[in-house]
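Each structure below appears as structure tokens.
Heads up, the next two complexes both have subunit A, just with different partners, subunit B and then subunit C.
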Partner chain A sequence: MRPRLIGFLCEWCAAKALENMAHKRLRLPDGFMPLRVNCSGAVELSLITQALYEGASGVLVGGCPKGQCHYREGNTRAAIRLRAYRRLLEALGLPPDRIRAVWVGSGEGERLYQAIWQFWKELTGEASPL
Partner chain B sequence: MRLALYNALSCAGCDLIFFLEDLPEAFWNDLEIVFWPEVCENREEILSHLPRGSLEVAFVCGAIRTKDQERLVLSLRERARKLVAVGSCALYGGIPGLLWEKEEEGPRPVTEIVSCEVAVPGCPPEPKTLKASLEALWEEKSLEETSPRPVCDECPRLRRPFRINQLVRFWGEDFSQGDCFLSLGVICAGPVTKSGCEAACLKAGYPCWGCYGPLDRQAGERLLSALASGVLPAKADEFLENLVDPVGTLFRFFLAQSPLVRLRKNLEDEKDSA
Partner chain C sequence: MKKWKIFLCECGGNIGEVVDLPRVTRELGEREIEIFRHPFLCSPEGQAFFSRKARGAKGVLVGACAPDLHGETFRRLLREQGIGRLQLAPIREEAAWTALRNPTEKAIRLLRAGLAALKQIQSFPTRAVKPRPTLLIIGGGAAGITAALKASEVGLKVYLLEREPFLGGKALHLDRLYPRLECASCVFSPKLSSLLRAERVEILTRARLVGISGHPGDFEVEVECQPRYVRIEECHGCARCLSACPVDPPAINWPVPHPVPRVPVINPFRCLRFKGQSCRRCEKVCPRGAIYFEDTWSRRTLRVGGIIVATGFRPYPVEKVHYYGYGRLPEVITLFDLEKAFSSGTMLSESLPKPLERVAFVHCAGSRDRRHLPYCSEICCGLALKASLRLKELFPRAEIYHFYQDLRLKGSEGEGLYQRARARDIKFVRGRVAEVSEVPWSPEDEGRLLVLAEDTLIMRKIKLPVDLVVLVPGFVPELGARELAALLGLCPGEAGFFEPRENKVDPAETVRKGIWLAGACSGPKDLSETVASAEAAALEAANFLSRSEILVGYPQLEWQASSCGKCYLCVEVCPFQALVPAAEGLKVLPELCQACGLCVSACPSGALSLEDCGLRESQLRAVLG
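So, the complex of A and B:
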């Protein structure tokens, strides 16, 4: 099966950063599928399980930088959730490194680009064209 | 009335309870128990001599682990006109389902192997639930299918907005009085568990363990999401430290049905074929 990377990006920062990156005409991995969500804190763990179960090789959760969440503490909650989820995956013998969080500001398209390619490389071995 | 009772992988708490307490009177007329390995001869030949559809009702408790158990349940399904699955193990995998945590393949619930006419949840089922299901079975009407509601709807404890300060393990202190268990930091599966037990444990001062079954298959993750969102950010490290057994606490009765263990199995199969 083709490797897929699902990105849950918050609409205030990470999805804006993706738009910012789009202006630079940078190529993203073919299997990267971004999804815009209201807030990284709105990404329920059941969604991540579903994504993994239905064939995603990795799940990236993107949110605002620490302390700059549009909803005050959505990203803090998301961070705690993902840490707890990783513990759950470890306890079940699943690889916890398939889940990753990235905190970027709306202007940091370049950083998001690096983070996506870095994660993609770890999952599939294919490196960034740059 | 010809009955068969069969306990697969279970603690045997379920079938005792329905024989001792609440078998509806209608069942006692001309009652003939054809097959009950726990009290009579446990020979499969007894079953294999019976023609198809000759049993009125077969009760099955427990999860299915071995090939023999699977064969027996399939043969019961063939011979019984109605099959009743009783207890959390038969419906969701139950406590034996936790074997999936460490083993490659654990026991499976009965409902995944054969179709069942009636499913009675609980560990063990509350007498009321059992009676209602059996009466419905007798009168050949289906139980009203309402959308499942969480145990919280029946819980008598006071609910107020709260943040979780720390996780507390249940023993040691007296929790019989007070607000919602989650606000005290005790993990309670009420928000993600189907109601129907009339919050029996909560009324007795215990947190919900989730035996009436999950509201959906990802209930464990939902509970973890809720807990992690309720924790004060400054206390996050302490929270993770005190979450001693995440699988056993969050997936106590339905790990066998969780997509996560299926995912692990799929990954292992992929690795083997590659």
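So, the complex of A and C:
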């Protein structure tokens, strides 16, 4: 089941958006593996590195919409860190596009769906069945 | 020997028919693992099965639905058995319902990840707290008032926060109620007056929430109050000041039909004294000395056990639908302007140049439209029909047209209303109005409005000259809902309405414990639905706050002095100021820590650790392996 896309989804918004999407029975690529975290800001960069190192084709970090973080500024921190991390990847000569962030509210299942398929398409060329 | 136990729920075919559970069982089977399957793990029978089979387990993994749905049930059942280690793998949402080709494979990986985490977690750390029997209600509309009354009846102390100077919200401006056309104030004002008599209810008007800290059961909230310039405790509502004011209309006033509290408010932008003049007529006539020009903005800190959010909705600003001309053409009004005119008793005919011969109700003004509101607000059709019947009572000669897309009237009474409207010769045209124009089609209609539409039932274009256009907008969340959502950490949905924890089974609860939703802040609701949801929220709150103790998660942030480089990046990133530099290096204030893990991910030397964060590496390995 390669390629594999890891989604670190915050349990307050992005994981809820995934549930919202599930209620609409929207289908995601089989390689997409969601992992629930308590906050997008709690995702250590070393964890993302590990994910890429162990064979993930891409890492998607999903958090609450800007300014709506359950922990006040977790998603803002995550956004800053991911930006810096992408620059680091670029400096190392690695493709920075393998890291992406998406900020969705709990009811925005369709936006998350679009974001995941968009990312998946860029990684693998396989487009959404819809 | 104690074993790990995995419970797989078939969810009545939702999982069982999509995921090959026998294969899952084969693949996950190990010597130390026992696997059970049940068609409905959440049913009473399934719960009994779960308790029976879980006995003596080292830890339990449940592969079922989303953790918010039944996680609490499983956790409770395990606590009764003295088992603290529980991990949930939502294979229904994450595999069965969303996997494109191979749900079984995905479910196996998710369960492996869950198992990897389960083997590492310690028992769920909690501490018992006695909740404070006080409740904060944000929003003093129909929902807030109902919830306040119900909560005070069961003995809770209630703070009722209202942004406006008077309570009542939108319901105050209603004239008649859908669908029986009974008088709104006869139904609603007894509630208002019983609120004033209610014990243990403290009303804070012109107030808003500015800060919150603490945990469920004991929140500390900061409230900011705008000055009223009249002392509420002194004033007895004689209204002499209103007639003494030299400004017309008076700068000291109560501009609503049923002012509660019955204490006027001074508008500092109109009052002569605030414009630098020496007028103090209201102060002189007041027999109680209640006028207080030196009043200032103030802040208060309240300790409450729980919060009910009842911020409500507002009609969509139809100015944005520019082709309907609202705000530009004086004869184009909204349903709410009409309702206000009815309830305040100002006859429409006075403000209109011509007698009303023909009125057009334009339904779905901005609703079900990708450019404006992509959803249907459900209640506006009924409100429009009700208003048109009332208009027909007042102007029996007027011809009334409804331009609708679909009439969505609820229940038998809604249908009855429609039949009554037909019987009164109110006309219905199915089709969206393209434009409301002031340019007449024929010269004799000079001065009237022209409604351009299409009747999609007879497939013909319609050009109808009318005297009054009533736009029926949908609903959006009240102003400030987004800011409140940010403060309380509630996740609004796409439309901005707050999302309940679970739409069907927990409509009053939010993702945050100790915060509940009442009324139209979670979606457009009519008065009866609002009252029902407010009562539900009050019940949830009373149930939660009257418990002898509640368990709150006790964050276990650990700091290792030996690896700390004393950069204090953690102190800088902590959003809750729970970390402070100390003589020995760092001090963690557990009562402020929310266990978000921001400091853990920021720490460059790995000196901080939170139990939860350590699980992820093994989970990652499990899904990638």
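The rule is simple: the second predicted complex is superposed on the first by the 129 of 130 C-alpha atoms of A that agree within 3 Å, B and C clash if a C-alpha of one lies under 4 Å from a C-alpha of the other, contacts with A are read in each partner's own complex, and residues count from 1 in each chain.
FYI, contacts are C-beta pairs under 8 Å (C-beta built on N, C-alpha and C of every residue); 3 or more make two chains touch, one makes a residue touch a chain.
Quick caveat, the model's predicted, so the values are computed rather than measured.
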*Room on subunit A for both subunit B and subunit C (clash or fit)*: clash
*asked:* I'd like to know which partner A:Glu73 touches here: subunit B for first, subunit C for second, both or neither.
replied: both
*asked:* Between subunit B and subunit C, whom does A:Glu44 touch in the aligned arrangement: first, second, both, or neither?
replied: both
*Which holds for A:Pro29: it touches subunit B only (first), subunit C only (second), both, or neither?*
second
*Where does A:Leu52 make contact in the superposed view: on subunit B (first), on subunit C (second), on both, or on neither?*
first
_By the touch definition at the top of the document, which applies to A:Gly107: first (subunit B), second (subunit C), both, or neither?_
second
*Who touches more of subunit A, subunit B or subunit C?*
C
*asked:* Contact-wise, after the overlay, does A:Gly93 reach subunit B, subunit C, both or neither (first, second, both, neither)?
replied: first
*asked:* Just to be sure I follow: which residues of subunit A are touched by subunit B in one complex and then by subunit C in the other one?
replied: 41, 44-45, 50, 73, 77, 81
_Complex interface listing, subunit A residues touching subunit C_ = 1, 4, 6, 11-13, 15-16, 18-19, 21-23, 25-30, 33-39, 41-45, 47, 50-51, 54-56, 64-65, 67-74, 77, 81, 105-108, 110-111, 129
*Can you list the residues on subunit B that touch subunit A in the complex?*
101-102, 216, 218, 220-222, 224-225, 227-229, 231, 233, 236, 239-240, 243, 245-247, 250, 259-264, 267
*Inside the complex, what are the residues of subunit C that reach subunit A?*
66-68, 90, 92-94, 97-102, 105-106, 109-110, 113, 482, 485-486, 489, 491-495, 499, 511-512, 573, 575-576, 594-598, 600-602, 610, 612-613, 616-617, 619-621, 623-625
_Residues of subunit A touching subunit B in the complex_ = 41, 44-46, 48-50, 52-53, 73, 76-77, 79-81, 83-85, 87-89, 91-94
